[in-house]
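Each structure below is given as C-alpha cells.
First chain A sits with chain B, and in the next complex the same chain sits with chain C.
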Partner chain A sequence: MPIHEQNLIRPENIITNEELEIDGIDVSGHWSTFIESRVVTDYNEDIEDEVAALPGGEYINRCWQCGSCTNSCTVNAVNPDFNPRFWIYLVRMGMESELLRDKDIIWQCVSCNKCTYSCPRDVNPEGVMKALSHWLELKGHTPKSPSMHFDEEFADQVFSTGKIEEGRVIRGFFQRTGQPLIQDWLVELVKRLIRHMPVKLLMTMGLANFVRPRTRDWGRAQAAIEEYVLERDAANRKALGLDAAGDH
Partner chain B sequence: MSEQKDLKRVAYYPGCALEGTGHAYDRSTRAVGKELGLDLVEVENWNCCGAMEVKNIDPKLQTYLSSRVMSIASEDMGFDTVMAPCNGCYHNLKKAEYDLTNDPENVAVTERLSEKAGHPTYKPGSVETIHALDWLKRAIGEEGLKERITHSLKGLKIANYYGCMYTRPRHIFPEKDQGPGSESTLQPHFMDDLLEAAGAEIVDYPLKTACCGGAHTLSDSDTSTKLVLNLLEAADECDADIIATECPTCHSGLEMHQIRAETKLGKKTNAKIVYFTQLIGLALGMNARTVGIHENVSDSINFFREKGLA
Partner chain C sequence: MTKPILIVGGGPAGLSAAQALSAAGQRAILVEKEQQLGGAPILSGYAKLVPTGEWAKDAIGGMVSRVEGSDTVDVRTNLTVTNFEGGPGNFIAKLSDDTTVDASAAILCTGFTHFDSVNKPEWGFGTFPDVVTTTQVEQMMSSGQGVRCPSDGRKPKRVAILLCVGSRDRQIGREWCSKICCTVSSNIAMEIREEIPDCHVYIYYMDIRTFGLYEDLYYWRSQEEFKVKYIKARIAEVTSNGDRLIVKGEDTLVKRPITIPFDMVVHAIGMDPNIDNIMIASTFGVQLQKHGHIQHADTYGGIARTSREGVFVAGAATGPETIDDSIAQAQGAALAALSVSGGLSVAAE
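Up next is the complex of A and B:
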C-alpha cells in the first residue's frame, strides 16, 4: 500500500475544546484529529475506468506514483494544492470524496506538458487532468470551468467556419462567463496597441469583426465534424453511466 | 529528416493567430524570407490546426484538422515541407503526424472525416513539418546569416524564450535530441544560434522553456499573470533588454500580462518583447515598419532608435 498523502490539517478535522485538562495539564484549544483512525467505506471503484474512457485518461493505470509529474508541474509551483500525482492516486483507489475536495482547481492545468515530458511510464498526466476535468463536469460535480467555456467558444467557431477570429473568441468567452468586456488592464492594452499602429492595419482588424475569416467549402467538413462530436459525446456519457442527453 | 533537403521553397502555414494578434510575426517572417531569397507558398484554403482548445474537446478532432492542412500541402500542392511559425500549429501538425503513424484509432477517425469532407486522407510521412527556427537554421544557417548582416545586433542583450509547445512532449519531435546539430528539448538553442550570428549578446536565461500560462491566458488570468511575471522578472535579473519570442501565443501572453502585472499588481518590468524574426529583419537592415515593430504592444521603437536599428 503506497503512502497516502494528504494535507494533514483540514478544517473539518480540527476539534476545539474550550476547557480541557488531561493529567493536570491544560490542553484547551484547537487540535487536529489527523491521528484518529478511520475506516474508508465509500470507495467508488468505477472512477478509474470512467476516467480512462475519456480522451486523455487512457493510460492512467500505468502510474506507479513516482511523483515526477507533480515535481515538474508549473501550476504546483504557484499552488501547492495542485497535485496531479495525488489525484491520479485517488482516482485509482476510488477515493471519491477525497478527490472532490480539490474539484475546483483540477481544470487549472496549463497543458505545459512538463509532466508528460518527465513521466517514466507514459501516463500522459496532462491528458489525465483534462479527462478528470471532463469527468467532474459530466458527473455534475462542478459547473463548466472558465477553461471549458473558452474551449467550447473556440471549437464552435472552428467547427462552423474552419478558422477562428481572436476578437470574436474573446468576446464570446466574456459573454459565456458573464464578464464585462471593459476591464482596466484590457483598456490599457488596447491603448498601447494602437499607439503606433498604422490606420490601415487597424481598419483591417476592425473589418475582421464583420467579415469572418473562413475556410472555403467548409460545409462538408463541418457536417462530418458535428456528426462525430455528437457520437463522441454520447459515447462519453455512456461510459460514465449517464443518459444520452448531453448539452454540448 | 535530411539536412540536405532544399528549403528554398516550402509550404507556409501561418495559422489563425498570425492573421490576428500575431500579425507582426507573419509580416516579419515573410519579409525575412523574401530578403533571404526563401520562397514561402501559403497553404491554400487552410483551416485551424485545432489548437489546444479543440484538443481539449477531443484530441482526435485536432488530429483531423491538422491532417487536412498537411493533406493540402502534400496532395494538392506537392510540397514535402510545411513551415509553421506558430508553436501551437507546429506542435499540432507534429502531433498529428505522430498520432497518424502510431495510433490506429486516430487513423480511423481521420479517414472517416476526410472522406466525408471530400478531400484526400493525409498519408503520414508525406510532409515534414518544421518551425520557422528550423527553416532559417537549415536553409540559411549561422554562417549564411552572418554574411547577410548589415546592422549587427551588437550591444543588444537578449533572453530567448521558446515556451512549451516547441519541445514538449519529446516523442512528437523525433528529430530533436539527436546529437550535435540537432535541437535540444531540454536546452533549445536554435534561436540563440541565429541571434548570436546576428551579433546579439545572448544572456543565460534559465526559463527558456518555462510556461507562460497561455492555455488560460483569459480563463485563469491571475495564474497566467504570475507565470509571466516570473518570466519577465527573471529576464530583468539576467540584465536582458529583450525577450525574443517565436510563438504568437507566448508573445501576446507576455505583452498582455506584462501590462496586467503592472495594472493589477503594481509590478513594472522592463524587458521588451520582440519576435525573433523581427530582430533578424532589423539585422538584415530592414525598416522597423517592414518587420512590424510598431504593431507590438511592448514598445521598443525608441530603444531600437537609440541602438541605431530603427
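Up next is the complex of A and C:
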C-alpha cells in the first residue's frame, strides 16, 4: 500500500510483517504496513548530568537553542547532518535513541572552536562535543577510533617511561588495532632504514627495543601522573554510573 | 484646604498613589472593595516578589501599614463607588454605603483579574487536582507549606509550567501578552528547585519574554544555576494515566510529538482586565480600549490620563503591568491629580 509523504518517515520505522495475526485478523504482508510511533514518551534526566560531569560539558545547561554553534560549524558546512545544537538538545532532554542515531558522526568535530566564539551564552559547544564523544565511548556506544588507540599507546609509554620509542609505539598500535606486524610498507621502511642510517643510531634504536630507557628520576612524576589519570578516569566513570575499572 | 483626591483600589498602585499624595500633604480618600488593602499580592497570597525577592506580605504589607497610618489618607474598605459626577476640582462621588464624598480628582487603580483556567479545559485545570495555577503555587510557597501535589500531598518529582495560559490566544479572545508570567514562572521554577532539589522543572513556552533586566536575573539564572529546562512547545492537552498527569504536545525543536508524565502541571495564568471594568467605565465615564482595559488618553502630552478630564489611571487597570511599574505609574498619576486639585501649590507653600 503506498504511503503518502513517505519521505517524512524514517525507513526503519516502516514495518511489514511476513506473518502476523492481531486479534484474529491476518495482517501479514505489505498490505498491512505499520509505521512505528515517533512519540517521545519520557525524558531521561540523567544524560545531561552525565555529559555535564565530563570535561568540556559543564555548561551544557546554558543552551537556549539559538543555533549559533551549528551556523558557525566547520563540519556542518560539509555535512548538514552534523548539528551540535540538535545534539545538545537531545542530551538535555535525554532523548537517547535519537542521539545514538548520530553516534557515528558526533566524534567528527574538528575542534576549530568557531562555535565557542559565536555562542552568546558561553555554552562551550566544542567542549560539549568532546564530552559527548567521550560519553558515547565510555558507555560503549562507539568503539575506540584508531586515533584513540594511538593516543592511548603513546600516552601509556610516556606515563611508564617518560619517553616514547617509535618502534614500540607502532608495535603497540598494531597490536591494539589487531593489525599484523609484517606489512609491506613497514618492511620496506625497515629495509631502507638499515641501508641508510648510521650504524650507531641503528644500534641505539635496536637496543631501545629491549632495554626500554627511562627518563632519569621518572618515578615520582610517573606516580603523580598515574594518580591524576586514574582519579579523573574514576570520576568520569562514576558520573556515568559505570564500575570503577577503567582502561588506564 | 483643597478637596481630597479619590483613589479607587488599594493594591500596589493605589497604595503608591496614597503614599505619594500623603508625602505631598494632600488629603486622599482610598476606596477599596475588599475588606483589606494590598490588592492581588496580599489578597491572592503571593510569595516572593520580582525583582526584589522580598515577601509580598512584607513589601506590600509595609505599604498597607504606611497608608493606614497616614493622617491624610482616609481608608474606606468594603466599599465601591456607585456614582461619580462633576468636573475637575469639583467631583462628587457616591459610595455603596450611600455616603457621598467631595473630590478634586480621581485616580483609578482598579487593577486586573487573574485569568480563570477553567476557560482552557484542555489543559486539565478543574479536572485533575494536580493541575494548578501560578497563583496557587505562590500560595503554597507563601503559606510555608511548600510545593506539594494537591491530590496526595507528595513532593513532585517533575513539574511542568505551561506559559501563556489565558494570554496570546485568539481562541479565547485574549490577544495580549500578560507581560509578567514568563518572569514569574522562571522565579517559581527556581523556588521549586531550591525547595525540592531532586524535582525537575520544565517550562513549555512559545516565546520567552523575561524583558529588560529580568533576562539574566530570571531566565538565564534559572537555566544556569537552577537547571530549569525550557521546551518550545504549546501543549495540546493535559490528561492522566490514572497515576500521573500526561502532557501532550509537539516538541517543535525535534519536530516530534511528546507525551510526557508529570506529577504537577502549573498554569502560568495571565492578567485579564478587571472583571468589573464595564461597571467602572460606566460609573466614571471613562473609555475602555479594545481588550477591556481602561484606555490611556494622550500618552505623550499628559500624565496618566483617561478619556475623562480629572480622572487618572495607573497600574494594571490599563493592561498587564508589573508591581514596580504600577507603583511608579501611580506616583505619576498622583502628580497629575495634584495639579488638578491645587495641591501642588499647597505643597509648595
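Quick note on the criterion: the second predicted complex is superposed on the first by the 140 of 248 C-alpha atoms of A that agree within 3 Å, B and C clash if a C-alpha of one lies under 4 Å from a C-alpha of the other, contacts with A are read in each partner's own complex, and residues count from 1 in each chain.
Operating definition for what follows: a contact is a pair of C-beta atoms (placed from the backbone, for glycine too) under 8 Å apart; a residue touches a chain by one contact, two chains touch by 3 or more.
All figures in this text were calculated on a predicted structure; none of them were measured in a lab.
Enquirer: Applying the touch criterion given at the start, work out whether A:T41 contacts chain B, chain C, both or neither, answering first, second, both or neither.
Expert: The answer is second: A:T41 touches chain C but not chain B.
Enquirer: Check whether A:K200 is in contact with chain B, with chain C, with both or with neither, and answer first, second, both or neither.
Expert: Neither partner.
Enquirer: With both complexes overlaid on chain A, does A:H30 touch chain B (first), chain C (second), both or neither?
Expert: Neither: A:H30 stays clear of chain B and chain C.
Enquirer: Which partner chains sit in contact with A:R192 here, chain B, chain C, both or neither? Use first/second/both/neither.
Expert: first
Enquirer: Who touches more of chain A, chain B or chain C?
Expert: Chain A has more residues touched by B than by the other partner.
Enquirer: Please indicate which partner A:E152 is in contact with in the superposed arrangement: first for chain B, second for chain C, both, or neither.
Expert: It touches chain B, and chain C stays clear.
Enquirer: For chain C, which residues are in contact with chain A within the complex?
Expert: 158, 200, 202, 220, 223-224, 227, 229-232, 251, 253-254, 256-261
Enquirer: Once bound in the complex, which stretches of chain B touch chain A?
Expert: Per the touch definition, chain B meets chain A at residues 16-17, 19-21, 23, 45-48, 50-54, 56-61, 64-65, 68, 109, 112-113, 116-118, 164-165, 167-170, 185, 210-211, 213-216, 218-220, 223-224, 226-227, 255-256, 259-260, 262-264, 289, 294-295, 297, 299, 301.
Enquirer: Considering only the defined contacts, which chain A positions touch chain B in the complex?
Expert: Result: residues 55-56, 74-75, 78-79, 108-114, 116-117, 127, 130, 145-152, 154-155, 158, 162-167, 170, 173, 177, 184-185, 188-189, 192-193, 195-198, 201, 205, 208, 213, 215-218, 220-221, 223-225, 227-229, 232 of chain A touch chain B.
Enquirer: Would you pull the chain A residues touching chain C in the complex into a rising list?
Expert: Result: residues 38-43, 45, 48, 59, 61-62, 64-65, 86, 89-90, 92-93, 95, 98, 121 of chain A touch chain C.
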